[in-house]
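Each chain gets a letter, A, B, C and D, in the order it is written, and its residues are counted from 1.
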């Protein structure tokens, strides 16, 4: 058993999700490396103290540079707004720390390039928290595609629909609302939600060649929580784009925070020559599967309840029929990261994968501005 | 092309459903016999005239005995309340007419025995309108069971849930409400709704050995539409029963008109050793199918959209993906009846099959009264 | 009762659907005008004879010009490939006939403009067979939107997904396959399937300002049934487009015949400030409805089984819970057309509405070619 | 913060589920009492050592009597086969320990009576692990019923369907298979699965007056893992029963391990005068809700995604739209138990509630044997 000492920056929604994963992973997975909750870091001393106490972090820091400088930390976990990722990650890499960084990797692709260069130069283990890759049903989709069960792919479509910002009274910026502040987030749904859809798509269906996007900001001005003034809204409330994948299939993506009735409906569907599959975050423990090779009279979409021991990750949990939830995707990501250290085959998505997504995000935003088809820069 | 001259008795809900079937069947099916709408019969002259005009019946009668006596009628269609079936059917048989009788066959099994004896003695074609046997998805279920795809059957369960009589203000008896009058209907949900469930069950899973039932009348008194007085309610509002099938499987049936939210939810499910299937009248164009022989990681319930040319009856309709509805089950029943005349292999359920269901209905009502397990009389 | 004498051109899939509607409509709807099946017309005498006999047309023609010239015909029903619509419709208008024309109205918008001018000049009743407007659930959606139940609309998205042309062995052109022949169809999924989606969208959500489209032909060459040679495929197999509606909402549309597992999955979803709704042709008797005004703890998508007497068209059919199917949308369209003659308020979509859809179709095809955002010409 | 020292007996499926709950509860809930994993106990020293190490128990015992005798233990958690519950619980009560006992409470009702008497005499906190009461959707159902939203209840129906014992090759008894050994389990699906259904039903719909049951053992003989011999199977493979609730509603329950296609499908449905609700363990994060008070044209079953902060327990977890799973029901149960200690209002189901369920279980087994309606003994 080897301890792996974690220093986390940020105590918000993601700080909680990561901490829960570190605490649980060795109860359910057999691993050589065991996470140790060494330190939690944030500017607000009272809050970080409470957070550390609740989750069992052994110490706190209020200056992230001090955290990075500590000898007793192996991994820096970056769980803060997007505009802070690059500086922290580059410093951590220089200090020789492994890095687990929240998504999207950079504030933009330029930042992400620097971050990728930094970790590759420093040769430190690195990963981006695109957790949805680790939902068992999504891994099952990957497995079916990789086995060639779908044949030639014709279509890939994905949505990420929410409805929480419809009210014009909601302010922008500050604390839990930093995602609405373009200075902290970089963009709206594109970097926040579509980034998830793109990461999954690149993983399942390969690279994207070019994109053609449209964005919209429905509520043009909102009170800004930090300045207290009504200010122009800089983020995109909605974004949709057409694209071509390198494998010749067509892509169609949409995200919005104005789709009444959908809380966090991330769905994707892949149509192949022989079979198709669909997934939906609101019922994340299921995969929809259609196999044209079934006998004609009994062909139909199967709703697979992904909870059996022979399905991805599930032998580590309960018994067939008993579902796991959102948080488990993070547990799986930590398990795979640790296994990667153990086996020498690093888990992914690494920073270079995160950069690939950021290239697509940048191309989307550029296309929405220029109103033209835009080529996507490819990672090597 | 041979004309088959129909004389229908009754112009209500079923009178319409049958008439529509007679009118459409040869547009969609290639048949030697063609129904001719020769006469409609009912006591109310004005109403039967309007009905005949709307549906294209060539003549009317107000006395059913006259209708039966006519030489230009080949088939008597009995679409009137249950208490009238026996007398009409027996007279029609004696007159040598073919008979299509609404379900349940008799007011009780004793009546049904006489009716069956009458048609068998007269050697006239006979059929009972258990139309749900002709929904394509139900026929597909039958086909899968008969091919042995389910293996040994362990469980059969069926429900028929409605909610239209919950209001205590609803009167009983008269016109469209005769189903609430025990003198016209014989029983409540048992003969009306469970009879459908039982007919399908006997067809799909074979005979029922014994039953153990419970009935309930939630609203004890209602105004009677014919007498104008508040009277004791004689029908059962709800009925549930346990049973053993002759093949060793267990059965569980329930019907009620007090299940808020269900308009006409007839569902059945059959669980076999290797596979299971489910059907639901609210989405009657679909069959749910689970096949344990599918590879473990992609096992799941398939929702089969029964609308392809290789699925029962569907090559006669539109193109794949375009659903048919309730009324088509009657068209199919007429098509099969006509085909039976053509081929010499009579379509079913015939009166003897209807009698089998009435034996189960009688046993259920007896068991509910005696509160004991009750043997079901078997047809030979 | 006034007879309305129909002369139909074409005996294919649509010829059957229309004929069925004419035959049934007065059985279920109370109408002053009654369709009379006067004549069926097609070049192949044997086939049109058989068709006329099956459906009860009183006579046949093999030359459509003769049909149009007949005095005993009130309505010309055009149910032939797209490239023949304009000539027939313009001639029929000149002859003073009412016209019911299959969709899309013209082979292109230019044709449609001429057709619209012709019927408006001749002042003859005219309608386009966009039948999905008449599914009860779609009408219910229209009613909810028009009552303002959704509030400001943010998003409209629609799909029409099929999978029947995936095989490379399928030939193009001729008989039932004319939809695959660009010379007969004008385009592929765009004019065939997206035209339906656009018609519904214009009706529910108003005009479209501009579009940005991508098309694809996956199988580049196919044997042509008419020439017997392998030829370049001219139609689009798939088409997706982004758009802005005049009301400020965003649109996203996609159609393909390469989405394995979907037979004819036409879906649309509308997201408004207060409520959202969804519909799906594979379960056309249901409407999905989310109302944010419901109490927070019990908010959810409702699956409305549109089969009650107070829901559009349904009091004319059976009883609650018993669904109707695809063909009934045509019956409703005929009922509304006849009612329009009776009341003097013509039913729609008329040719001008059909022209509006053709303008969008043309803009889509132009945008796919130019790879640019393209303005949509608006009808006055 | 007050420590509550746990001594757990058993390291199987339930041992893991409870341990996980103890470890997580204070990360997500604000509580005065904090569980401390003090000791794990089981006969197999190697296994209990490994278990203790994995979950962080500070010590181990191999004799449960020693565990109970320890001064540093506050709570005894009984997570062993049913035949061992009574002796352990009575001893623990005598030793003044709080007791959390797995379900069903007793091997039979007689045992359960003694256990209840013991804890009530000793005045120790006590609870039974009927965890499904704590699924947020089930709690929401309880809340809606208690608020009177359903009005008078007419029907309650529940199923617990599994398919894991269909193979005749599966042995009975020993280790993970003790549920198949009548000597360890007492009964088959009745005590294992129906007990869950009954506990929920008593909670939601009040007491059961009488029952009428049927049981079946499909595979009559199996190899016994402990003796190595083929022996008669003593458990029931399937059980269904009719019942009357004290409030006048009818109940229908069924459980089996022979329903191919269902892994652990626990469902219940309650039909009331004004509204109905349904729940299903395979999608435990959803509640189906039908409210007849909705306007007629938009009535339908709502699928409520129970993941909002105003829904039971959910403000303690993630953000709307992100589901929790099976294990969280145990976390909630621990949270409520601890809160009960804090507030002085004990959480339930306590032993007396568990006894009520055992009375129903006993009546079911008696009725299945006698083939008669059987009165259920009521708890005071």
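Going forward, a residue touches a chain if its C-beta (ideal position, glycine included) is under 8 Å from a C-beta of that chain, and two chains touch if they have at least 3 such contacts.
None of these values were measured; they are calculated from a predicted model.
A.B. asks: With contacts defined as at the top, give the pair, A-D or C-D, that has more of them.
C.D. replies: When the contacts at A-D and C-D are counted, A-D has more.
A.B. asks: Tell me, please, which chain's centre (mean of its C-alpha atoms) is farthest from the centre of subunit A?
C.D. replies: B
A.B. asks: Using mean C-alpha positions as chain centres, tell me how far subunit B is from subunit D in Å, no decimals.
C.D. replies: The computed centroid separation for subunit B versus subunit D comes out at 42 Å.
A.B. asks: Please compute the C-alpha centroid of subunit A, do the same for subunit D, then give the distance between them in whole Å.
C.D. replies: Going by mean C-alpha positions, subunit A sits 36 Å from subunit D.
A.B. asks: For subunit C and subunit D, what's the span in angstrom between their mean Cα positions?
C.D. replies: From the centre of subunit C to the centre of subunit D is 55 Å.
A.B. asks: Quick check: what residues of subunit A touch more than one other chain, meaning two or more?
C.D. replies: Within subunit A, residues 262, 301, 305, 308 contact more than one other chain.
A.B. asks: Under the touch definition given earlier, write down the residues of subunit B that touch subunit D in their complex.
C.D. replies: So the residues of subunit B in touch with subunit D come to 150, 154-155, 157, 161, 163, 166, 212-214, 216, 218, 238, 240-242, 244, 250, 252, 254, 256, 258-262, 271-276, 290, 292, 301, 371-373.
A.B. asks: In the complex, go through subunit D and note every residue touching subunit C.
C.D. replies: On the subunit D side, the touching residues are 140, 143-144, 287, 289, 291, 294, 296-305, 308, 310-311.
A.B. asks: Using the touch definition up top, name the residues of subunit C that touch subunit B in the complex.
C.D. replies: 13, 16-17, 19-20, 23-24, 26-27, 54-55, 162, 164, 262-265, 281-285, 305, 307-308, 317-328
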